[in-house]
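The structure's right below; bear with me while I get my questions together.
A, B, C, D and E label the chains in the order they appear, each numbered from 1.
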Amino acid sequence: SQQEEETDGKTKVTLFMGYIPSVQFAPVYVAAERGYFADEGIEIVFENSFNEADGVERLASNNLRFGLISGEQVLLARANDRPIVYVLEWYHNFPVGIVSAVDQNITQPEDLRGRVVGIPGLYGASYIGFRALLNASGLTESDLGELRSIGFTAPENICEDKVEAAVIYIANEPLTIEQQCSEVNVIKISDYVTLVSNGLVTNEQTIREQPELVRGMVRAIQRGIADVIADPDAAFEISVRDYVKDLPQDQYETQRQVLANSIELWRSDQQLGQTTPAAWETTQEILIQAGLMSEPLDDVTACYDMSFLSQ
Amino acid sequence: MSDQTILAAEQISHLYPDGIHALDNVTLRLACESFVCLVGPSGCGKSTLLRILAGLLPPGAGHVLLDEQPITQPQRRIGIVFQKANLLPWRTVYGNLSLPLELAGMPVAERDERTLAMLNLINLEEFADTYPASLSGGMAQRIAIGRALIHDPQVLLLDEPFGALDALTREQMSEELLRIWARHRKTVLMVTHSIPEAVLLADRVLVMSPRPGRIVADVEIPLSRPRSLDLLHRPDFVALTERLRHSIRTAH
Amino acid sequence: MSDQTILAAEQISHLYPDGIHALDNVTLRLACESFVCLVGPSGCGKSTLLRILAGLLPPGAGHVLLDEQPITQPQRRIGIVFQKANLLPWRTVYGNLSLPLELAGMPVAERDERTLAMLNLINLEEFADTYPASLSGGMAQRIAIGRALIHDPQVLLLDEPFGALDALTREQMSEELLRIWARHRKTVLMVTHSIPEAVLLADRVLVMSPRPGRIVADVEIPLSRPRSLDLLHRPDFVALTERLRHSIRTAH
Amino acid sequence: MNSRVQTVDEGRPDHQTVPASSLPSTLLVAQSRPRTRWNLLLAPTVGIILLLIWEGVAQSGWYASFIVPSPVRVANRWWALAADGSLLRHTAVTLREVLTGMMVGVLAAFWLGYAIAKSRTAAYALTPYLVALQAVPIVAIAPLLIIWFGAGIASKVIICALIVFFPMLVNTVIGIRGIPPELRDLMRSLEANPFQTFWHLELPAAMPVVIGGLKVSATLSVIGAVVGEFVSASAGLGYLVNFGRGTYDTPLVIAAVFTLTALAMTLYGLAAWLEHILLDWHKAIQN
Amino acid sequence: MNSRVQTVDEGRPDHQTVPASSLPSTLLVAQSRPRTRWNLLLAPTVGIILLLIWEGVAQSGWYASFIVPSPVRVANRWWALAADGSLLRHTAVTLREVLTGMMVGVLAAFWLGYAIAKSRTAAYALTPYLVALQAVPIVAIAPLLIIWFGAGIASKVIICALIVFFPMLVNTVIGIRGIPPELRDLMRSLEANPFQTFWHLELPAAMPVVIGGLKVSATLSVIGAVVGEFVSASAGLGYLVNFGRGTYDTPLVIAAVFTLTALAMTLYGLAAWLEHILLDWHKAIQN
């Protein structure tokens, strides 16, 4: 089930990304463009999907070796015997937040009382993040007017006033809403609680059998993140020129802003790519509270392995 | 039998879409309560003419008049027995027979009574609950005849109704038809291929030419009524059949 | 005509699944090159018997022997004309006629030649490219007959082949059948409802009883051959028809 | 000796091997299709074999248990789900969507198909739009439907109705168009009114093909509900599948999928049963 | 005066109102169905009206422009996509999946359906499993198929084939089972071998219903490809739809959906064309 093969002495590696091609993946595009993967002997192939869980299953069954996956998925997956490991933090800040039109006056979690809140579904990063936020603010789901599953249609629902607030990814969706209908307020979950955010995930077999490959992937992506933070404009040009095709010109301004927002998520006060152990504990607690995990893992630290990080 | 015309075809011509010229300027008048037979070679347009008279097929040219009124739609007053039995495969023998009564909205009790009587007449009582798929050819044809008779239409158009019947049943059904005709004062136009049958039954026999069908002879049958099968051997009967056979041969 | 039996039914009985007892212990032997007619009331089991003889229907009890060998499958040596025309609606008249030759794998040139000859025989040249939906009843039946004759089977089973034909065509086809039979030395078993037709054509006429069908009379027709339509008025012919009519009446 | 298969399978055993003499004709047994009990055992047997293979693969260790959980674990998960009543609750939600959707879709398709089969004008005016409507990939516009009709049951019913629509429509048109014109002539000659023609001729004549459409629709309708629930839902079996996937609970996913399958099969079975009781005459012909 | 609709629509005008005397019979015009040109204009007219309504709604400002973009914007987006060649590229990807999937699914369904229609044993052994297979909601197991068969074209082809399978199967069974037994008898009496029976009787007789199945399959196959591309793909029209959704590029979504629709309609059109040329005799009967 391995799709990798040796070509010209290079290892072909497929990197799974749980979202459509987007400037939010600029670091890997930059790394590819500037030969950082090639430097590690890797021929990189990007695979985009729309469902992280599919990616996790494929990583766990060694159908794939690397993917960019939400942190809480690693906990959940390991709780269900999936042997996957988080080897590099991608976003430093948890990328989920609550958006609402300004006239709703929702600026802090407390304001959500009695409101109709839209959420993609009762699982996944959005739900975990939202639970954590409620928790941190002493609220429960029953304090809300309604928690409504709306799929990935937050902008439509906000603009049509079908919900009063919605759980979203903060890098792009608030921008869409502002562009389309209304100024917004965004409550960033990372301001209230520290959760594990997305990271580069591989599986135990790969770590065991090809540690150098893992090290190479980590290093290339680390370099990519650093480059993007240092020179957003160049990163943007590279992304839209070769990787995010089908993007019309009139979207460029918005997408530049999306990139800027993403950079805020990548930026870290500690070493780039280093995860915060406490965040894993917090996330696990939330998962247990939400009923998504029945008991704590024997060893939470087995979820991540920071030994491949280069200094 | 009166002299009044009940059903008439006036200068009917018909061309099928594929260019087959089926009928050419056919005019015929059915006197009230008369029994007319129509003979003619295969494919000459007899069935086409019957379909036009029944109002099922609009003729290419000409009119059909029922009681002097032009008709453009089928009329319940005109009953028709098709050349194929055309039974509904999802209805039993009983259901097929009672169909016309059901469509006419007759109350169930009366319907049952009439249907049973008809089953009896066509001698198929024990097959009341059988589906058409398990009937013999002759049984299907008997049902088709019964179905046309059951709602007692004024005019009967019969397209070779006895084709698939054995000699004896055929004779029985012919006599039955004569009896019904005499009792209920119906007007009958019947296509047949049997010359003796035509002579036995009809007041007039019309002979059609090969396609395009025209009426080339109109033979009066002056035998007295009531008639029975004994006629078959009488010299005037034989002479009439000979005459008819001759005029058909000429028409070919 | 020889005395050797080519096709035989031995003690055939048949019950349909719905309990209809169609045939009861029927035994019959068709002598090689003989012409046998089968008459009997509607629904007595004639078609059933033909289907069994053709190998299309396994009998409830009894055997069918072709050349002394039991058969359980239809044989190309046995041609059958069904009571319904059974034409393939997606094939033209030409295509329907040539079907048996095509199935037998005959080369195109020979096939064309034979089909054209047959079209000519049944007088339907101008309809070669017509689909069955636009044929008259008699035309369809002529094609069904042509289709059974075209591949020249040794034994012919005919189920009322002339039912839908007008008197003249019927006589023509009968004479044609006699000619083919005499020329090609075929064995023919034909169901008919016309007593004169049976007497005119057959060496022997078998009479069946009403259901359950049994063979109740086996009448030799000692008229000399070749026969023609002139026979119809000869006293020995009339006597034979009367005798036959009588034995049918008794059977009923 | 050809075309054997057909003969044997049509259940016409070679009865002529029974010597007639040994069988008084009055004792002749009616030849009905032999209802071989072996045939009925075939399907369960295949089923048990498949189950054993599954268990074997699960125990072999070739696959991690999260990829191929053993049937026993799936069964346990299913029982747990059934025991706490949540299976019933989710099934009820989906069933309601499916039944409503089918009713709407099937009825609309039948009547539109009827109109198209009978009227050239309707055929010209409607066909291109109905084809276009059906050609729009429903999964691609499902999110749009959720926006237009809300995240409640309405949107799922509409998705369900849309996906069920076309097979019914096409088969209705074929069924009605296939009615022999002679039988129409018969009804016309008896002055049957349009309703009588429909009831006594068109409906029964078209039934075999129409029920075929219904069978296809029955299985598609469940897919429709799942599509809708995938996009957005907080209950229903499709939601359960998605939830199981999101929480890496493979036994739950499999249990939910099996329940959905059972649902679809039940609907299909209803259609087959309808066929059985309505098409008695049709089976008789096939014998 | 009832059953009017039917008569008028069957194109049998009341010619008998023409006085026969004024018409020498040799000049009689063959009565063909009148091909009213008005009918052909109906569909485009409805289309234009729908387009105008859409434009009206877009301009009204009731909806944000990213929910209901104007037709002009959609057309522009489509042109842009077509101009830079990416439309062709994505369409080619989807088309390849759809055609391969249809071929596999339709052929498999036809032969299995044929077997089921002809053999009781096959019917008993296979039917429950085929129904079960079809009853498994394909959208629910699409991710599994991707895991098993990879993210490449194979998994999409399989999804496509699976979704296309059932309508073809059901209609093939109905078509083959509906063949009048008399015609089978005819073929048997001519000692037709199984292939000849198939080619000269079964195929043409079942064709009207089978092509109905093909029409349904044609539109479903596109849905199948989209389902596959939704789960994982980096090209194809389904991918484009998802990409457009992710970037809130509604004109792109609509342009891609329209292209998918056009694809499905083309496939449907091919099936209809096949019907047209193969079923000449069938149309003749309907006249």
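The criterion applied here is as follows: a residue touches a chain if its C-beta (ideal position, glycine included) is under 8 Å from a C-beta of that chain, and two chains touch if they have at least 3 such contacts.
Not measured: the values here are computed from a predicted model.
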| query | Among the remaining chains, which ones contact both subunit B and subunit E? | reply | C, D
| Two chains sharing the most contacts, counting C-beta pairs only | D-E
| subunit C and subunit E: spacing of chain centres that average the CA atoms, whole Å | 47
| said: Could you work out how far the Cα centre of subunit D sits from that of subunit E, in whole Å? | reply: 19
| message | I'd like the Å distance between the centres of subunit A and subunit B, where a centre is the mean of that chain's Cα atoms. | response | 85
| request: Note the residues in subunit B that touch 2 or more other chains, in rising order. | output: 16, 18, 73, 84, 134
| note | Residues of subunit D that touch at least two other chains are 3, 7, 67, 143, 147, 187-188, 191-192, 245, 285
| task | Can you tell me which residues of subunit A touch two or more of the remaining chains? | result | 51, 53-54, 57, 61, 152, 156, 160
| note | So, in the complex, the side of subunit E touching subunit C is made of residues 182-183, 185-192, 196, 200-201, 204-205, 207, 281-282, 284-285
| remark: As the complex stands, subunit A meets subunit D at residues 51, 53-54, 56-57, 60-61, 76-77, 79-83, 120-124, 148-153, 156-157, 160, 162, 292
| Residues of subunit E touching subunit A in their complex? | 63-67, 77, 80-81, 86, 143, 146-147, 150-151, 230-234, 240, 242-249, 252
| field | Residue ranges of subunit A in contact with subunit E within the complex | value | 3, 19-22, 46-51, 53-54, 57-58, 61, 63, 152, 155-156, 159-160, 176, 180-181, 245-248, 251, 255
| request: Could you pull out which subunit C residues touch subunit B in their complex? | output: 16, 18, 20, 39-43, 46-47, 83-84, 130, 134-139, 142, 159-160, 163-170, 193-195, 245, 248-249, 252
